[in-house]
Structures are given as C-alpha cells and as structure tokens.
Amino acid sequence: GQAVCQQVNLKAAKSEWVMLNVGGKLFTTTRSTLTRFDPGSMLARMFSTDSDIEWSSSVDESGAYLIDRSPLYFEPIINYLRHGKLILDKNVNPEGILEEAKFFGLTSLIETLEDMIERDQLPDDNTPIT
Amino acid sequence: GQAVCQQVNLKAAKSEWVMLNVGGKLFTTTRSTLTRFDPGSMLARMFSTDSDIEWSSSVDESGAYLIDRSPLYFEPIINYLRHGKLILDKNVNPEGILEEAKFFGLTSLIETLEDMIERDQLPDDNTPIT
Amino acid sequence: GQAVCQQVNLKAAKSEWVMLNVGGKLFTTTRSTLTRFDPGSMLARMFSTDSDIEWSSSVDESGAYLIDRSPLYFEPIINYLRHGKLILDKNVNPEGILEEAKFFGLTSLIETLEDMIERDQLPDDNTPIT
Amino acid sequence: GQAVCQQVNLKAAKSEWVMLNVGGKLFTTTRSTLTRFDPGSMLARMFSTDSDIEWSSSVDESGAYLIDRSPLYFEPIINYLRHGKLILDKNVNPEGILEEAKFFGLTSLIETLEDMIERDQLPDDNTPIT
Amino acid sequence: GQAVCQQVNLKAAKSEWVMLNVGGKLFTTTRSTLTRFDPGSMLARMFSTDSDIEWSSSVDESGAYLIDRSPLYFEPIINYLRHGKLILDKNVNPEGILEEAKFFGLTSLIETLEDMIERDQLPDDNTPIT
C-alpha cells in the first residue's frame, strides 16, 4: 500500500514531452498535442504553458501524470488530439469514448460522437425510422 | 518461487491513489472511484476510509493490491465505477463481466448484465420468443 | 543469452500468491485457484501443498513459474479456474483453448470445448446436418 | 513531472538496432527496416546513416526515440516496412493507418490505403454505385 | 540512442529457456519448442544445440534475442511450434502469419496458410467459382 503519488506543480514542469498514466497504462505525448484543440478542455488547461492557474497533479514513480480514466477509450481521444480526426476500430464502442470526451471537456468531439451513436442505433439498412 | 506478497493493513494506507494488480495486470485508480457506488460491495468496503472493519490485503512488490480475478473483465467494471455507465465493446462477452460483478458484490451491475445476456440470447430479429 | 531460469522446489515455496510467466506474459493468481478443480490436472498437482511428489520448476528473474504455452489461450483457462465457468469472447478461437485444456489435463474443460467446436462447425441456422 | 527526454544526435548513434517509443509503446526494429522504402520518408531520413542533415531527437530513459503518434496504427506501418506488404486485421480501421502513412510521408502506402478506404465505403455486394 | 544490443554466440548459451524480443514484445519459450518442427527453419537452426554453424545474434538488455518481425503475427507461429496446430482468432489476418512463416522458413505452415487464404477469398457460400 505504498503511496504511488507525489504532488507536482504543472507550471514548473516545462518539458515538451509528457507521460500520462491513464488507469494504469502509460501514454507518451507532447504538450503541443495536449493543448492543440479545445483550449477550454481539461488537458489543454492542465498542460498549457501560459496558463494563469497553478495546477498541481499527482505523478507515479516514473513521473507520469495520474489520470483515473479508461486507457481503452483514451486511446482514440489522444489520437484525435494528434491529428484532429476521430478514428474508431470496428470493435470499439463509441459510447466509451463519449464518456471520456465529456470528462475532458472536448466539446468538438462530443457532438461528433453523439451523432455517431445515434446513427449506430438505426436499423442496418441505414434508413432513418419515419 | 519468491513470495510476491506482503500483508498490508488497508486502513493505515490512506493515499487517495490506489494500484490494483488484477490477475497480473496493473490498474491505477482512486479510493473515490472504488467507493463511489454500492457501499456494500467488496471494493467499497475494502477502500472506504471510514470503515470499522480492519481489512488486510496482500500487495505485490510495487505496492499494488493483489486481486485474483480476470483483468479482461475487470476493465469494464472499473470503468463503470468511474462514471456509472456500463460500456461493452462488441467482442467482449457480458457473461465474463457478470462473474466479476457477482464476485465484487456490485448489485447495481448484476441486474443490468443479466438483462443484457438474456437479450443477447434472443433470435437476431430481436422479437421476444412467445 | 543469459539464462532466465532458476530451478525451484515447488513444495518449499508455500506462499498462497503465485506468479506464472506463460509464454512471456505474467499472470498473478493463488494456489487455491490453481488447485480448485481437476485434482489430477498438471497445475493442481504442481501447486497442491499436500502433494507427495517433489516438483521442481524453472522461474524467471521475478520469481514467476515458467510455462511454455500461449498466454492468449491461457487467459480463459485461468479465468475458468477462478470461478468454474468457461467464458469466451467472440473473437477467440475455442480450438486454441482446447489445446491448453489438453496440455494441462483439465478433463472437465476438454469435453465442453469439444462440444462447442462441433456446434460452431454447423451451418448458421444451427440445424444439425441430417 | 520529471523530464522523460534527452536530446540525441541521430548520426552519432550508429547501432543497427533501434528502439522507438511510439505514444508510450516500445517497438524494436533495425535501421535497415526504417530506411528500406520511400527514401524521402521521415523515418528513412531520420535513420539513414548517410544522411547529410544532422537530425536530433528526444529519447526516453531506455534510449528509445520518442514519436508522438498512435502505437495502434503504427503497428501495420512498421510491419509494412519489414516486408513491403500492408496487412490489416479485420477490426483495424484503415483510416487510422492512413493518418500515420501521411505523417511519416510513406507515399507508397498512402495511395494503397486511400483505395482500400474507398472500396470499404461501397455497398456490401461490391458493385460500384452508378 | 544507447545501443540496445550485444552480440551473443548462440552455441555458448545452452539454457533450455529462451527469451525472444520480437519487434519489441517479449516471448518466453524453450529450445525444444523452437527446434521441434522444420529442422531447416531459421529458428530451428538458430537454437539447435547440435548445429555445426556458429550463429551469433543480438540480445537486448534483458538477454532476449532480437528479432525484427511483427509480434502480432509471431504469436500464432510460436503457438504452432508448441503443439503443431495452427490456430487463428477470427480477427487475425492469415496473410500476416504467412509473411512470418516465409521469413522463418516454416515450410509446413506456408502451404496451410496459402490454402486458408485462397478459401477466404471464395464467396461466402464456399462454393468454388466455376
């Protein structure tokens, strides 16, 4: 039961490369990626270097920022932040990604995902129910 | 064959961040997540800070609490505890998650999963057998 | 090319928690799980504390017992040993699990899997060929 | 928040074996693989030993070159570089691989992927819409 | 950019347990498995203890032999070497495994895989095109 966390002041840690520990899985990315879209989103505000607010966050022993969310559904989220396209494999449930988009406040993604989920619930011939 | 475990008194370990070693896979989460729903569930009782009972648990060498269950089916369980929605990918068998929900005593999930499994066993046109 | 193994006498290692290195992947479990069903199975005989036979086994540097089998198909096997139900995800081939059940001598599982494989080979309408 | 990176001059590091940390996942490969096709691609230019340009790149603590891209969709890319065939599993979305091919400047792959995506969007009978 | 490799003389390393680092993923297996089928295959010749040829190979820092191939498609290959059956999950593309079988010179597998791929390309009713 040794504590895995250490409080870190995010403004002091200026390195471009960032490690995130999302629910136990490590993601390596950059500040540019995390702050690219939706300036009001949680990740953009946490990792922006010109933020006014002093954020502090817990890190694990490897220095990765701890985020208590699903690594499975964070994967398409971080990928979206890299190039601006939401890409889903066939076996991934968009409702899982929607929960993450809501948590991180990625408003640009939320609408896309809600449309996608609505379309999925139509009959297979894709004709809207009238 | 060196012992991987060490007995730890759960009440003494007060840190908000918690690591779980579920069947060999590490999950990082918080006490708030583990105690959010179903106060009578095993996880809620183990990680509640105001519990009367003295729980002790084995930890691995990284300090993660050992749980002898399937990491595959624990994933949607811990995700449910994070936001209250049960989300399944298409290739995941709900019967696997049901076994975990039963083991952890998550009564709110058990019924949802039993309904889901029953619906899956209906013919493809989704018309209930009469 | 440094040796990964060390010979360990299994009777001397009495700890309840056990780590298995199956084909390169770590599984954490307990002796109770490994010895629960099929007392004649390889795992039950290896990890039973009241066994007459002196087993010795190779362990990796983390102390995990080395097993030269598929981690992919061992996953549903160890899950079965935890609660007695065989649960398969849609994309998992039951023939892979059958090979593991045979290797470990899990007679209770072999028949279940052989029935499952036979049913899978029927035409899609599930009507037996007459 | 400890920095994970160290700047490394790529021309000085001559070893044939190369580790890449793509979005948090390690890939082990060789310079021959990375420089085999598309000499103008980013990877070929970074890892070519007779390049005129002085590239520098960040590495993680294990010495792996950091690349801020999706490990999921890099997998078929690196596999393509090994033997020249683009191979996709059924559940992998070719649009994810296309984004990586574009990022790395693998012109030979981009056209193949664009054709594949176009074909996927035709109706199931594969008859082009007229 | 620190070198991950060290040259190792394979004949000198006699241990039965062998670790392979295939494209970044660790596989643990035995010499018996690697040399069981196709004595002329690359793996059989590399790991045979009575080979005349002096093989040398690079190893990573954990002592695993480096192989610049796809871990995804090596998985069914190593599983085949364990028990002699080729087993594929539904979402795995047999063309990926064929490339590995060709690389390692596993002649017994190549024909099986070529037949499998040919059958997959037939229409769904499995009636050969006439």
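Labels for the chains are A, B, C, D and E, by order of writing; each one numbers its residues from 1.
Criterion: contacts are C-beta pairs under 8 Å (C-beta built on N, C-alpha and C of every residue); 3 or more make two chains touch, one makes a residue touch a chain.
Everything numeric here is computed off the predicted structure, so don't read it as measured data.
Student: Can you work out the whole-Å distance between the CA centroids of chain A and chain B?
Tutor: Distance between chain centres: 23 Å.
Student: Could you put a whole-Å number on the gap between the CA centroids of chain A and chain E?
Tutor: Centres of chain A and chain E (C-alpha means) sit 36 Å apart.
Student: Chain A: which residues touch two or more other chains?
Tutor: In chain A, residues 90-91 touch at least two other chains, as defined above.
Student: Just say which it is for the chain contacts: an open line, a closed ring, a star, complete, or other.
Tutor: Contact pattern: a closed ring, each chain touching exactly two others.
Student: If contacts are counted as defined earlier, which sequence of chains do you get going round the ring from chain A via chain B?
Tutor: A, B, C, E, D
Student: Where on chain B is chain C touching in the complex?
Tutor: Interface residues on the chain B side: 1-5, 21, 23-24, 58, 60, 66, 68-70, 72-73, 90-93, 95-96, 99, 103.
Student: Tell me, which parts of chain B touch chain A in their complex?
Tutor: Checking each residue of chain B against chain A gives 8-10, 12-13, 15-19, 25-30, 32-33, 57, 59, 63, 65, 75, 78-79, 82-83, 85, 87-91.
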